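Chain IDs A, B, C and D follow the sequence of writing; residue 1 opens each chain.
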Amino acid sequence: MKKETLNFKIQELGKPAILSPTALVNFTPDSKRVLYDRYINNFNATQKDKATPLSIEIAGPRKMIYFDPAKVKTAIVTCGGLCPGINDVIRAVVMSLYYRYGVKNVAGIKYGFQGLIPKYCHEVVNLTPEAVKDIHTLGGSILSLSRGSQDIGKIVDTLCRMNINIFFCIGGDGTMKAAELITEEINRRNLKISVIGIPKTIDNDLNLIDKSFGFDTAISMVVNAIQCAHVEAKGAPMGIGLVKIMGRESGYIALNAALAQNDVNFVLIPEVPFDLEGEKGLLKVLEKRLRTRNHAVILVAEGAGQDLCADNGLNQTDASGNIRLNDIGIYLKRKIEEYFEKNKLELNLKYIDPGYTIRSVPANASDSIYCELLGQLAVHAGMTGKTGMVVGLYNGEYVHLPLKSVAFRRRVDTRSNLWTRVLEATGQPVSMKN
Amino acid sequence: MKKETLNFKIQELGKPAILSPTALVNFTPDSKRVLYDRYINNFNATQKDKATPLSIEIAGPRKMIYFDPAKVKTAIVTCGGLCPGINDVIRAVVMSLYYRYGVKNVAGIKYGFQGLIPKYCHEVVNLTPEAVKDIHTLGGSILSLSRGSQDIGKIVDTLCRMNINIFFCIGGDGTMKAAELITEEINRRNLKISVIGIPKTIDNDLNLIDKSFGFDTAISMVVNAIQCAHVEAKGAPMGIGLVKIMGRESGYIALNAALAQNDVNFVLIPEVPFDLEGEKGLLKVLEKRLRTRNHAVILVAEGAGQDLCADNGLNQTDASGNIRLNDIGIYLKRKIEEYFEKNKLELNLKYIDPGYTIRSVPANASDSIYCELLGQLAVHAGMTGKTGMVVGLYNGEYVHLPLKSVAFRRRVDTRSNLWTRVLEATGQPVSMKN
Amino acid sequence: MKKETLNFKIQELGKPAILSPTALVNFTPDSKRVLYDRYINNFNATQKDKATPLSIEIAGPRKMIYFDPAKVKTAIVTCGGLCPGINDVIRAVVMSLYYRYGVKNVAGIKYGFQGLIPKYCHEVVNLTPEAVKDIHTLGGSILSLSRGSQDIGKIVDTLCRMNINIFFCIGGDGTMKAAELITEEINRRNLKISVIGIPKTIDNDLNLIDKSFGFDTAISMVVNAIQCAHVEAKGAPMGIGLVKIMGRESGYIALNAALAQNDVNFVLIPEVPFDLEGEKGLLKVLEKRLRTRNHAVILVAEGAGQDLCADNGLNQTDASGNIRLNDIGIYLKRKIEEYFEKNKLELNLKYIDPGYTIRSVPANASDSIYCELLGQLAVHAGMTGKTGMVVGLYNGEYVHLPLKSVAFRRRVDTRSNLWTRVLEATGQPVSMKN
Amino acid sequence: MKKETLNFKIQELGKPAILSPTALVNFTPDSKRVLYDRYINNFNATQKDKATPLSIEIAGPRKMIYFDPAKVKTAIVTCGGLCPGINDVIRAVVMSLYYRYGVKNVAGIKYGFQGLIPKYCHEVVNLTPEAVKDIHTLGGSILSLSRGSQDIGKIVDTLCRMNINIFFCIGGDGTMKAAELITEEINRRNLKISVIGIPKTIDNDLNLIDKSFGFDTAISMVVNAIQCAHVEAKGAPMGIGLVKIMGRESGYIALNAALAQNDVNFVLIPEVPFDLEGEKGLLKVLEKRLRTRNHAVILVAEGAGQDLCADNGLNQTDASGNIRLNDIGIYLKRKIEEYFEKNKLELNLKYIDPGYTIRSVPANASDSIYCELLGQLAVHAGMTGKTGMVVGLYNGEYVHLPLKSVAFRRRVDTRSNLWTRVLEATGQPVSMKN
């Protein structure tokens, strides 16, 4: 094939002249295209050329490394909440250090950054291939985690005392911010400690990262819950399956899970406000659906509709500083039940909150492969002496990203194809705001 | 974050000055980078600009469509061998036609292209939402498949007789070639029949397509088989787990499965020739491994080492024209057993051939989501009147590709990161050729 | 082997003379033994002998049947709540009638007994092998269910109007009671309609029945939830995993799930009252466990501790007449959190309520085999003209039981080996009552 | 309910007067019944009564124990081939010794009885709760196994040298025979070593034992393979799915797997000889089936039809003394292909040999619960000073059985309900012998 042939418009039978019946707002024009080649092979040369497009450093083993494998000391810490695949990453880091570079000194820090603060008296674990060989079959983290920030100075003190040279931090946006501060403190003290982040967020909402590890597993678990909700909804007259899942600030899990099998009829996410009452509100739309189809499945992310149930709780924060949310699932359940009772309609609502069962399972094969690579690439980056960075997948390519570039969260863009596809898959109204 | 910050080299502790101990040949230089933005928003405008990089049409719903939903007649055919997710694609096409466009006329052609040739007398199935709603829980294809080519003229005759307007073809490279010939014949007769391909190959070796559907499921099944092989290898003294899997001409499944969990010690693929005998040959290397580690896991793609066992069979072809391969798995098993017996070494070799169990399972959640999207996008393309094309994932983006651009196979590039990562993960020699 | 050798005591090294350190109350004396043979081959002969032990009719195909396969009309109804395996039973009944007896007339009644009451206007489904061949891959019931009783006279009227000869009822104790009333009404009218029950209760608490279908699948789902709870409990300092599961009146699911893997530390069931406060109460015991082991897993059946949280709700009943329970899970969560806060102890309590996800999944292989047999045996019994009975597994043998003998629930016997084994497996105190 | 009501015949609509159309030979007469109560509570008293039926000692914790928990030393060995659940049993023994009795001295013998013979120099592993806590998530045996017998005298020498008091042997009939010889040698030397067997055979063919551990898991794996075969058979015109599974001398796995879902059309087991050729032979019957139904699924146990393919190999034995079988799967495949080719019939035969993937997976929930109990009961028996026995499930009750009573294999009784049910489920001819 001549690749130039790609550069033409796809053949058409004729000029499309009928307005699409799909009630979408975000169509894809033929004129938006994706570049065929997105690599630059000689970055330095092009630095002088102002027209050079932005580009990102690619991850992988380097020919020249910085640390002497025989002497280097390394440490791993896991922070925040559980996520499928943490043990796979730990295992990959240890195995890669040991078998690829001959590095035998890997310290496992217990209970997150607490493990680097003397007063907590947490033990340090010696991570050998023997100790980690089977841990990928277990959910959770063999190192345990903790939430909350700790004194950056004391953390660096402990790293010094332990003579750590490479410090692998597995965690979310808060952890990446802390890792950035640690890197700054290390730079300030002029130490030779490489800080390598491996971004973890089950919500898949880290800036620039295509897909965080555990996300694929989480979706497969949510898809199971949706199937149950669908079975329940169809199992009784006027049945509703209402599933509440994670997604504090973004709806990526909900959207991706809803794209499987078309069984979800309404997806509610933090990024898209909606009304309950009124002509366009969820309750009326839901009633209409039940009258015609006899069943409905609703998937709601925990951060959705917080404006609706805001007055029912106290906006406290947890140890990581996350705002405690009001339970939109329970709230919706009650509101729907009240509405159907008021309107004297039969209702069989089954509420499903899979909760922690989504995040504490072992990684599936796909995430397992991904974690294995992230761990290897983190080791390569660390051994080369890179620091203040994370490894991640960007546009399908494994890259090095500065810590600060990923240390905040992205949200679903409602003008994106993703949201459009979900509107299509569910058939829900483009907006449920009056 | 300012996106310009991406444009710089990642911070380094110092200049790497130590040669890496990893015995790799393919390192990633810092100077190879990936473009930040790979979209072009105004294709037509840039056509005149000779410097414009190649780009590809993006898939999705178009505002203006070509066919009248009330009148359009459509048909689906599935060709070749089984692959997880075929039923998901059929379901998505039917559901999307019905619920998004109101198209109710979807014919299911049975047993591949045979179903369009009158002499076979295969029935045509009426595909309704009711008929397909649960088929994604089943492996295989509810339409059944067949291999082999049929008369293009007769196929188009039947499409005409049935008044088909959109013809969805699910199949591999052979099917895509046939679909291209069908499109040409349709053009020649000046008919208004849109031909939309949905590429299927469990080996993931279609040109330009990032990932074919079913690949993720297949890998998860192979990973299960590898885990069994690993358990068996470690379950007895001097244990070898030898796993033979699909991969006639390419080793993508083998490579990806080997990247999970590092438990595979040798991956043998069609693209990388190897010797059995001699100092660098597999047998000597294997003996060395067993003497030090007591167990080994070997993963071999069916198309590997065909030069070694070539004289044992007759190179016949099957109905699809695929060359019948000699069984490299059985051959390796015999050769290894002979070698260890000759050298008076204990051996517990367990041979595992998961075979068809990999391809006849239902799609996992990830493939299910992917198939759902492919089906929807195929419907959008067909309804818009596009023809002679496939929908597929290219560099992380869903695109339209000309049929002819995907109608042949790619092979593993041994200079790629993929192969390098596998060498790392297995620790096998860069070459086992003397 | 001579089977008489079984009749002796097992060889001992000497007389056991040390009191067991296990804090159990229910030891098994050597003198309690189980019979080798438990069949009677000539029931009629032994009827005269007063000393003859109780015995039960064995299920299976009979040589002589009552109904003419060419003319018989049959119907199936599914009542109550969902349970894994309902579709397997439906499928087995249809397949067995069709392929073993040549019976082609099988009506599927929709939405439980509602489907036999004209005013609901539910359609009747024609159940053919083609229609049911793949339904075992789906959770739920293709016929849907409903709760609540209906007019027995009208049900029999409809059975007459439809000319039904064999009526298969799948449901729980309430359904079996209704089936008994239907049988009595049929007898009263002197009709030739066989009523065959297939007992369904996910709680496994039907009198005399060893194991109800779906129970094995339910336990495997609960075991998954327990694993998640264990992972969560160990994932953070002072972690508790609290799992609430079904079990309104009996704790069979909880007990069996707790016997897997020893990861549960406290099992709370309806049959065993407990205190929260006081020296022997759960809270103190829990605190002690956390201080020494840093984590704990609690499994609570929904019907447990209702005396503790009784005053928080109104004891309403649902459509089936089941009393609505107060949520012991939420109650325990709050009480534990209050206690630890009051005592200024760190706490990471993760609450898991797998709920409907346990009952709406497809049956696993073991239940699938069991359902297949139940369906076949029900067909044999019906074709032979038996009526007013259920098929079930009693002491490892498939038998016919009178409807009235199973139409009520059993509860866990706290003097049984089952409860003793759970005390052992969890290590929890024999009593948590002060 | 009055339990006396059970004692009557089930109500009948009338006297069955039609001969059943099912072509079975083994019907269940109403007169064969099962006893309601099968326990004897005072064994000693009834010893004098000659009419007392045979009975078996029940397993469970005894109030008085024989060994002092603080001093007792124990060892575990695993022999033979892999089977799901071995690690669960090891874990249960270690956990139960540690947490229920406070026994801390548990030696893990590596590579079966080899580990007790000095010349092999295998290490002994110290089994602590920490070491075994997660091993149930892994297939295989953490202790590894070996086949073959070793010198009984040397084994007992080593047990003495290690001061072992309780010796837990996990293995099949060969291992139980060895354990019996070890017990005799111990008795001869007048040593105080308790020998407790935990019977393991994936084929479920140990005498007297209802169900061996791992059997349920194995069946679920075989059911998966059958589903694949069914999908493949229906995926192409004139499709056959041929599945070969384990079952050297008995067909229990094959029969139980075939009872799930009715998808198997022919089950071939060692106990039932069959012909290939001739009017009643498999090939003719198979042709008839394909002509009418277009597809067929065949399930063959490895020990079936050995008379047919006997002349193709040399009847060697493996290290355990098992006769090496000729491959009936490959043989059938070739014979069927030849027959269809000779008769000029299309054929799409897919051969599936799941092999080791069935036995090297972790135990499912049901087996996990079972293994947990077996391990606990073995500990209770050992601590009480019992010896020369196994723990097992007999007629639904956990019992103590003399080693010699289980140390041989049973075979499928073709007059049993099990075989009858399979004939029904498959619809295959009662005999395929001419």
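Here, a contact is a pair of C-beta atoms (placed from the backbone, for glycine too) under 8 Å apart; a residue touches a chain by one contact, two chains touch by 3 or more.
Note that the structure is predicted; figures quoted are calculated from it, not measured.
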| item | value |
| --- | --- |
| Label of the chain whose CA centroid is most distant from the centroid of chain C | B |
| Mean-CA-position distance for chain C and chain A (Å) | 39 |
| Centre-to-centre distance between chain C and chain B (centres being mean Cα positions), rounded to whole Å | 45 |
| Centroid distance [mean C-alpha coordinates] between chain B and chain A, Å | 26 |
| Residues of chain B engaged with two or more neighbouring chains | 138, 224 |
| Arrangement of touching chains [line / ring / star / complete / other] | complete |
| In the complex, chain D residues that touch chain A | 134, 137-138, 362 |
| In the complex with chain D, residue positions of chain C that touch it | 1, 3-22, 24, 27-44, 53-69, 88, 91-92, 95-96, 99-102, 136, 183, 192-194, 207-208, 210, 216, 219-220, 223-224, 256-257, 259-262, 364-366, 368-369, 372-373, 376, 381, 383-389, 394-402, 404-405, 408, 417, 420-421, 424-425, 427 |
| Residue ranges of chain A touching chain C (in the complex, touch as defined) | 82, 111, 114, 138-141, 144-147, 224-225, 227-229, 231-232, 234-237, 241, 350-357, 360-361 |
